[in-house]
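Each of the next two complexes has chain A plus one other chain: chain B in the first, chain C in the second.
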Partner chain A sequence: MLSSLIWTPILGAVLIAFWPGLSASRSRWVAIGVTVAALIWSLLLGSQFDVSSVSLQFLEDLPWIESLGLSYQLSLDGISLPLIVLNALLTAIALWSSDSDIQRPRFYYSLLLLLNAGVAGAFLAQNLLLFFLFYELELVPLYFLIAIWGGARRGYAATKFLIYTAVSGVLILAAFLGLTWLSGSSDFIYNPLASQALSLGQQFILLGMLLVGFGIKIPLFPFHTWLPDAHVEASTPVSVLLAGVLLKLGAYGLLKFGLGLFPDAWAVLAPGLAAWAVVSVLYGSFTAIAQKDMKKMVAYSSIGHMGYVLLACAAATPLSILGTVFQMISHGLISALLFLLVGVVYKKTGTRDLDLLSGLLNPERGMPVIGSLMVLGVMASAGIPGMVGFISEFLIFRGSFPVFPTQTLLSMVGTGLTAVYFLLMVNRVFFGRLSKQAEDLPPVVWNDRLPSVVLASLIVAFGLQPSWLTYWTETTTTALLPHPAAAVVGTVQLSPHESVTLSSPLVSPRLPIPNPIEEN
Partner chain B sequence: MTTTLQSSSNHPLADYVHRLESGGALLSESETNVMEVVGILKSYGVVLDAYWQNLIYIADHQFLELFPFFKYFNGEVSLNRLLRHWWHDRINYEYAEYCMRVMLWHGGGGLDTYLDSEAFRQRCQPAIARAIQNNWVVQPLHCVFPDFLPEQIRQSAYYSALGQFWKVMSKIFLDLSDEYDRGNIRTIAQVVQYIQDGLVADASLPITYAPIVKGQRQEIIPLEAGLTFLPDVAVPYVEAVFFRGTAFFGTVSYNAQAYQIPFEQDRFAYGALYADPLPIGGAGIPPTLLMQDMRHYLPDYLHHHYQQQRRGENDLRVKICQSFQKSMFCVTTAAIRGLMPHPLDTTILEERQANRSYLERWMDRLQTSCVEAVNQG
Partner chain C sequence: MGVLVVLLDRALDRALDRATEMNETLLQNVWWIPFYGLLGAIVTLPWSIGLIRRTGPRPAAYLNILMTVLAFIHGLVLFRATLVWQEPQQVLIHWLSVADLDLTFALNVSPVSVGAMELVTGLSLLAQVFAIGYMEKDWALARFFALMGFFEGAMSGLAISDSLFLTYGLLEILTLSTYLLVGFWYAQPLVVTAARDAFLTKRVGDVLLLMGVVALGTMAGSLNFPDLYNWAETANLSPLTSTLLGLALIAGPVGKCAQFPLHLWLDEAMEGPNPASILRNSVVVACGAYVLIKLQPILILSPVASIALLTLGTMTAIGASLVALAQIDLKRALSHSTSAYLGLVFMATGLQWTGFALLLLFAHAISKALLFMALGGIISTTNSQNMTEMGGLWSRMPATTGSFLIGGAGLVGILPLGGFWAMRLGLDDFWSQPWLVAVLLLVNGLTALNLTRVFRLVFLGQPQPKTRRAPEVAWPMAVPMVSLIITTLLVPLMLAWLNLLPDWEYMNKPALGLLILSGLTGCVLGSSLTLKRTWSRPMQISLRFLQDLLAYDFYIDRLYRVSVVFAVSSISRLVAWFDRHIVDGFVNLVGLASLFSGESLKYSISGQSQAYVLTILVGLSLLGMIITWSMW
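Take a look at the complex of A and B:
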C-alpha cells in the first residue's frame, strides 16, 4: 500500500523519460495525474488510519540486504501521514505551476516525480539505512532541477546545495552507523530504545552529528547559507517544493531521530538547543528585514520560522511536539504560497526587486488577486489568528514556555519581526502607485492563481479548524516523548517492557502509552 | 495696427501654444485619437443624460428633504430598483453629486455671486417657510441655525445648474457621435470645432431654478438674475472639475498634515486634466464611478479597440479613463478657444500677442497636467 506512494511516481518518471514520442503536454499531464493519484491515495490511507493507535500502521517489511542490516520497512504514523499528504499536494501544485513551454520537459517532469518519490520514501522509511537512501535520493533530482532550470547563478547555487546536503547526509549516515554499531544491533531498524545501551558521551557525539546534519537541511544558523542561494536561483516550482517539503525532512529527522533516538542526551542539550533556536529565529528574521529581493526575504523568513521547530523540539512537551508537526505543515503551506506568489510577480514583472516594484494591488493594471493572497500569506506567516500560522506558533510558544520561558519570549520577537519584514515587502511591492516598470503587465490568468487559491484555502481552513490536523497527529507526538519535559521533571524511567508514563503541565497528567515496538 | 510676423513662444509648453494658434488642439491628431474621443464622448453623453435627469429631479423634487433616501430613484421606488441599487450595477449618480459639490466648493462665476446675494436670501425665505410649515422639528432648528437651510438651497441650486449644463453637453456629445457615425467628423480639430460651436450656440441659454415646494413652484433663480449657460455655469464647471478638482488618491497624497495640499483653493490642481488614470478602479476614487458607468455604454468600435490591447477587459476602466482624459483636453481646447480675447486668425500683431499671452497663461496652468501623457500614449 505504502510502496505505491514511492513506486508510482518512480514508474511515472520512467514512463515520461523513456516512452517514445511523448509530447511535453502529455508528459505534464502524466506527471500531474501521477501526483494527484498519490494525493488521493495518501488521503485514502488517512481515512483508514487508526488515530488511536501508536503502533506502526500499514507496515511493509521486506528483507533486502540482510548482511548490511538493510530492510525495506515502510510504515505510517501520525507525523509522517500529514507530511506525505503535503508532499503529494505540493508536488501537484509545483507541476501545475511549471511553465508549459519549459525546456527539456520530459527530463524536468521525471525529476520532479523522482523528487516526490524520494521524499515520500524518507517519510515512510522505518529502517535508518533506508531513510538515508531516500534522503540522499532526493538530492540528485533537486541538484539537476536547480542546475538546469535555475537562474543566472544556478551552477554555483546547485553545487553549494549539493555540498551542504551531502555533508548533511554523511553526518546522518555516520550517526546511524554509530548508533547501530555501538548499541550492538544487527540491523538498522528504527528503535527508540537503541540508545539505552550507549553512554551519555556517545549519545552526545551521535546526537551532535544528527543535529548538524539535520540542522543543515532545516536549515539552522549557521548552516543555512545554501538556502537563500538555492531559492533565488531555483525556479518557482522547485522553490515551492524546497521550502514546502524538503526542509521538513530536516525537521522530521530532528524530531524522529534526534529526539526519538537520543532522548537522554536531548534532555541534557535541550537548553542549548533552545538558545540555538533563538539565534536562528532572530538571525533569520533580522536578515529578512535587510533583503531587497522578495524571494530572498521569504527564504530568510523560512530560516526564522524553522527555528521555532527546534525550540519546540528542545522543550519536548506534548504540546510543543504537536506544535512542531503543526509548524511543519503550516510552514509548508505558507512558504509554498509565498514562493508561488513571488513567482507570479517575477513571471509578470520580470523583477523581484523591492526598489523597482510598487502598486501591484492596482485593481486594473496590477495583480489584485495575487496581492490579496500575498497579504493573506504574510498575515498567516506573521501568526495572525484565523490562519494556520497562528495555531502552530501558539502551540509551540504555549508548549515551550513552561520549559524555556526566556527562549520562548525571545523567539516570539521573531513573530513580531515577521510582521515587520513582510509588511515592508507588502507595502513596497503592492501599495502605492504602480511603478513605471509595471504599468503594462501581461494579465494574470486563473491558471496562475489556482494553486495559490488552493493553498490559501487550506491555510484558512486549518487556521479555523486545527483539529482536522491535530486529530491525526496528537497520539503519535504524545507517544514520541519517552519523558516529556525531562529537563523539568528530571527523571527517566524506561525499559523495553514498560509502558511510558507522561507527565506534563499541559496535558492530562497520566496517559499510559504502550510501547510501539512491542505491539509489532 | 501692426501686421508683422510673431516670434516663437519660449513657454515650456510652447508646442501646444503654437498648435492652438494654428487652429490645432491640445490633443494631437490621429485616427485612433478621433475614434477614442468620439467613442468615449458618446458613452459620456449617455451617462450625462442620466445624470442630468437625476440632478434636476433632486433639485426640483427633493427640495429641503433632509433625509432623501430615495433621491437616486427619480420618483420610481420599487423593490426591483432597490435591489439593483444595492447590487451597484447601475448608474452611479454619486459621481454627479461629487461634481456638483466640487462646483459648490470652488464657486466662481455669476451663479456663485448670485447665491451669496441678498436677492437670493430673500427668495429663500418663502420657499423655506412653505417647506417647513407644520414641521415642528426643523422649524426650531431653522430659528437656531438660520444659515443651514439657505445653504441647503444653495446646494439645490447647484444640483439644478449642473443638471441644466449637462443636459446641453449630453446632447452635444451624442450629436457629435452621430456626425462621426455619418462620416462628417474625421479629425480632432473637427471634434473641437463641433464642441466649441455647441458651447457658443448655447452660451446665452438662461439658467433658472424654481423647485416645486408642497405642490407650488418657488422661484429661487429667476430669469431676471441674468444667469446664462457659458459664463455662469460652463466656465465655473471647467474651472472646478477640469482644473481644480479635489485631492484624492491618484492626484497627490491627501495627507493634509504633510502640507502637500495648498491652502489656497485657486492653487488646487487635482481636476480631470491632472488626475492619474492608473489608480482608477480603486475604491474611494470618484472617477472610478464615472468610468464604471461609461463602461456600460461604450460603442462597439471602441470596446473592440480596448479588447485588442494587452490586458483586454482587465483594465477597461483605466483605458476608458485615458480616453476620457483625451476627450477632456478636447473640451478644454474648445473652451480655451471659445474664450480667446481675439479671433484666432487675426493678423493684427497686438491681438495676436494678446492671444499669445492668453494661451501662455492657460499653459502655465497645464504644465503639471497630463497633457504630455495623453499625447504620448
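Take a look at the complex of A and C:
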C-alpha cells in the first residue's frame, strides 16, 4: 500500500523518460496524473489511518540485504502522514506551475516525479539505512533540477547544494552506522531504545553528527548558505518543493532520529539547542530585512521560521513537538505560496528586485489578485491569527515556554521581525505607483493563480480549524517523547494549576512503544 | 386606559415568556453577531476581486450594510435579553484541545459586553451608510466595504470575547485590517508609509502582548478571563516576573490605543478613507482600552504596570492635547485628541477606576464618531483637509456645523452631555489626588480650546476659495450625521435609564464647577486667540520653535528614526554583510582552497621516480616520528 506512493512516481518517471514519442504536454499530464493519484491515495490512507494507535501502521516489511541489516520496511505514523500528503500536494502544484514550454520537458517531469518518490520514501522508511538511501536519492534529481533549469549562477548553486547535502548525508550515515554497531544491533531497524546501550559520550558524538547533518538540511545557522543560493537560482516549482518539502526532511529527521533515537543526550544538549534556535531565528530574520531580492528574502525567512522547529524540538514537551509538526506543515504551505507568488511576479515582470518593482496592486495594469494573495501569505507568515502560521507558532511558543522561557521570548522577536521584512516587501513591490519596470505586463491568467488560491485556502482552513491537523498527529508526537514530563516538571512550581494538568499520564516514565516486529 | 395597560402588560409577559424559551437559542447563537460582518466581507469577494463587474460595486456595499443591520438587530434582541437576565452568561466554544493545552473560547454575554457590541455595530452601520456617500466615486468601493465588514466583525467579537487568546487573535486581526484600511489608497506615497507604520507600531505592542499571553497561559493554565481572575487572586509571582508580565500585557493596548510611546501611527493613519477613520477614532481605539479594562484584575499583580499605565496615560493625555493645538490638518487635529482621551482611560485603569474608564470610552466613542462625520462632510465637500484654507462654512453646511458643535459639546465637559457625565465621574474618582484632577481639567480645557480653534477656522470667518461653493452633504452622509446627533443628545438619557447618573444631592458640586470652568476657559481662550491665516507660521523664533515642536509631535518620529529604526536596519545590514562575506566567504574559501590545492598538487606529478621515493620516505619518517613520539 505504501510502496505505491514511492513506486508509482518512479514508474511514471520511467514512463515519461523512455516512452517513445511522448509529447511535452502529454508527459506533463501524465506527471500531474501520477501525483494527483498519489495525493488521492495518501488521503485514502489517511482515512484508514488509526489515530489512536502508536504502532507502525500499514507496515510493509521485506527482507532485502539481510547481511547488511537493510530491510525494506515502510510504515506510516502521525508525523509522516501529513508530510506525505504535503509532498504529493506540493509536487502536483509544482508540476502545474511549471512552464508548459519548458526545455527538455520529459527529463524535467521525470526528475520531479523521482524527487517526489525519494521524499516519500524518506518519510516512510523505518529502516535507518533505507531512510538514508531515500535521503540521498532525493538529492540527485534536485541537483539536476537546479543545474539545468536554474538561473545564471545555477552551476555554482547546484554544486554548493550537492556538496552541502552530501556532507549532510555522510554525517547521517556515519551516525546511523555508529549507533547500530556500537549498540551491537544486527540490523538498522528504527528502534528508539537502541541508544540505551551506549555511553553518554558516544551518544553525544553520534547526536552531534546528526545535528549537523540535519542542521544543514533544515537549514540552521551557520550551515545555511546553500539555501539562499539554491533558491535564487532554482526555478519557481523547484523552489516550491525545496522550501515546502525538502527542508521538512531535515526537521523530520531531527525529530525522529535526533530526539527519537538519542533522548538522553538530547535532554542534556537541549539548552544549547534552544540557544542555537534563537540565533538561527534572529539571524535569518535580520538577514532577510537587508535583502533586495524577493526570493532571497523568502529564503532567509525560511531559515528564521525553521529555527522555531529546533526550539520546539529542544523543549520536547508534548505540545511543542506537536507544534513542530504543525510548523512543518504550516511553513510548507506558506513558503510554497510565497515562492509561487514571487515566481508569478518574476515571470511577468522579469525582475525580483525590490528597488525596481512598485505598485503591482494596480487594478488594471498590475496584478491585484496576486498582490492580495501575497498580502495573505506574508500575514500568515508573520503569524496573524486566522491563518495556519499563527497557531503553529503559538503551539511552539506555548509548548516551549515552560522549559525555555528566555529562549522562547527571544524567538518571538522573530515573528515581529517577520512582519518587518515582509511588510517592507509588500509595501515596496505592491503599494505605491506602478514602476516603469512593471508597465505593459503580460496578463495574469487563472492558471497562474489557481495553485496559489489552493494553498491560500488551505492556509486559512487549517488556521481556522487546526484540529483537522492535530487530530492525525497528536498520538504519535506524544508517544515520541520518552520522558515528556522530565523537562516540564522542573517548572511546574510556577503555578498550582499546571501541576494538576500535568500529573496525568504524561508524567509516567518512558512510554513503551510497541514494536510489532519484535512481537512477530 | 386601564384595559390598554393590562393588555400591554399581558403582551409583555407573553413576550418575556417566549424570551425565556429563546434564551438558550439566543445564547448559543451569539457568535453570529460578529460573524455577520465577516460574512459580509466574504460575500463581497466577487466584487472586490473583479469577478462581477457588470453591476458596479454598489451591490457589495448594500450586502455589507444588510449584514450590519442584521448584526445590529440581532444584538438589540440580545441586549434586551441580557437586561432581563441580569447575570452575565458564559458561552463556551471548543476550538482546539491538544496535549496539555485546551483552547476553549469563552464568550461573555452581559449588558456591558453586548452593549459594547451594539455600539460597534451601530457605529459601523452609520459609518457604512456614510461611506456610500463619501466613497461614491471610488472604484474600489467593494473592497472598502469588505474591509469594513472584517473590521466590524473583529471588533464585535472583541466586545464579547471572554478569552485572552481569542482577544489577542482579534486584536491582531484588527491590526491587519487597520493596515489594509489605512493602506486603502495604496498608490499614494504617504499612505504607504502610514499603513506600514500603523502595522509595525501595533505589531510591536502585539508581539509583547503575545509574550504575555504565552507566559500567562503557562502559569495560569487557562486563558479564559474568569480563570485568569481566579488565578490572579492567589498567584504568587516574583516581582520581576509580575513586572515583566504586567508590562507585556499593557503593551498591546498601548499600541492599539495610540499611547506614548506607540502613538505615532494614529496621526499618520488619518491618510486613510474617512469612514474608516470614524470607526478608528471611536471604537477601534476603544477596543484596545476595553481589553486593558478586562486585563485590569490581572494587572493588579504588578504595581509597576499600574504605575506605567498612569505615567503613559498622563504623558499622552497632556502631550497629545498640546500637539493637537498645533495641527492644521483637520483630521490630525482631532486624532490627537483621541490619543489624549484614551490617555485618561489609561490613567483610570491604572488607578482601577474601570467604571469611569468604560463611561468615558462610551461617551468619547459616540461624540468622536460624530465629529469625524462632520470632518468627512467638510473634506468631501471642499476636497481639502487643510484648516487654513477654510472658513465661513456655517451658513453653507448647517447639518455639518451642527454635527461638529454637538459632537464637540458631547466630548468636553461643559454641557450636560456624555463627556460631561463621564468626566464628572472621573473627578469624583480622582478627587483625593489633586494632580490627577488637574490633569483631567487640563485635558478638558485644552480639548475645548482646540475644538473652538478648529470651529472658528473652519466654520466662522470669511469664506475662502475652497469653501466658497460648498453645498451641504448628500443624504447618505446627512442621515447618519443626524442620527448620530440625536444619539449624542440622547446619551444622558441612556445613562439615566441605565442608572449611571447620580442624584443631585450626592454630586460633588465643586468638582462640577471646576469642570465647567475648565471647559469654559478653554472655549474663551479659543475664541480670543488671534487666528490669522498669515500667522500659521509665526515670525518669532520662540513661537515658531514651539509650534514646530508641537506640530511634529515633539519630534518623536525623528527620535525613532535615529534610534529603533536605525538600530534594526544597521543590525540587519551588518548581519547580511556577515552572512555574505564571513559565513559564505568561509565556505567559498574552503571550496577555493581545495580546488587550488588540487590544482597545485597536480604540478608535483613530475614522473621522476626519485621524487616519489623521496616523498614516501619523508612521509614514512614523519609517521614513524609521530608513532614513536612517546619514546623520545
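Here are some notes:
Following the convention adopted for this analysis, the second predicted complex is superposed on the first by the 484 of 520 C-alpha atoms of A that agree within 3 Å, B and C clash if a C-alpha of one lies under 4 Å from a C-alpha of the other, contacts with A are read in each partner's own complex, and residues count from 1 in each chain.
Please note the rule applied: a contact is a pair of C-beta atoms (placed from the backbone, for glycine too) under 8 Å apart; a residue touches a chain by one contact, two chains touch by 3 or more.
The structure displayed is predicted, hence computed values, not measured ones.
Considered on the superposed chain A, chain B and chain C are sterically incompatible, since they clash. Of the two partner chains placed by the overlay, neither chain B nor chain C lies in contact with A:Leu354. Of the two partner chains, chain C is the only one that A:Gly399 touches; chain B does not reach it.
By the touch criterion stated above, A:Thr470 is placed in contact with chain C alone, chain B being left untouched. By the touch criterion defined above, A:Phe430 reaches chain C but does not reach chain B.
By the touch criterion stated above, A:Pro363 is placed in contact with chain B and with chain C alike. Chain A has more of its residues touched by C than by the other of chain B and chain C.
In the superposition on chain A, A:Gly386 makes contact with chain C only, while chain B stays out of contact range. Once chain A of one complex is fitted onto chain A of the other, the partner contacts of A:Glu439 are limited to chain B, with no touch recorded for chain C. Applying the stated touch rule to the two superposed structures, the overlap between the chain B and chain C interfaces on chain A comprises residues 359, 362-363, 433. In the complex of the two chains, the chain C residues touching chain A come out as 49-50, 95-101, 139-140, 168-170, 172-173, 175-176, 180, 183, 186-187, 189, 191-192, 195-196, 199-200, 203-204, 207, 210-211, 214-215, 217-222, 231, 234-235, 568-569, 571-573, 575-576, 579, 583-584, 587, 591. Contacts from chain A toward chain B in the complex involve residues 359, 362-365, 433-434, 439-443. Of all residues in chain A, those touching chain C in their complex are 160, 163, 221-222, 224-225, 283, 286-291, 317-319, 322, 359, 361-363, 368-369, 372, 375, 379, 382-386, 390-391, 394-395, 397-399, 401-402, 405, 408-409, 412-413, 415-417, 419-420, 423-424, 427, 430-433, 466-467, 470, 474, 478, 494-498, 500-502, 506. Interface of chain B with chain A (complex): residues 250, 276, 278-282, 310-312, 314-318.
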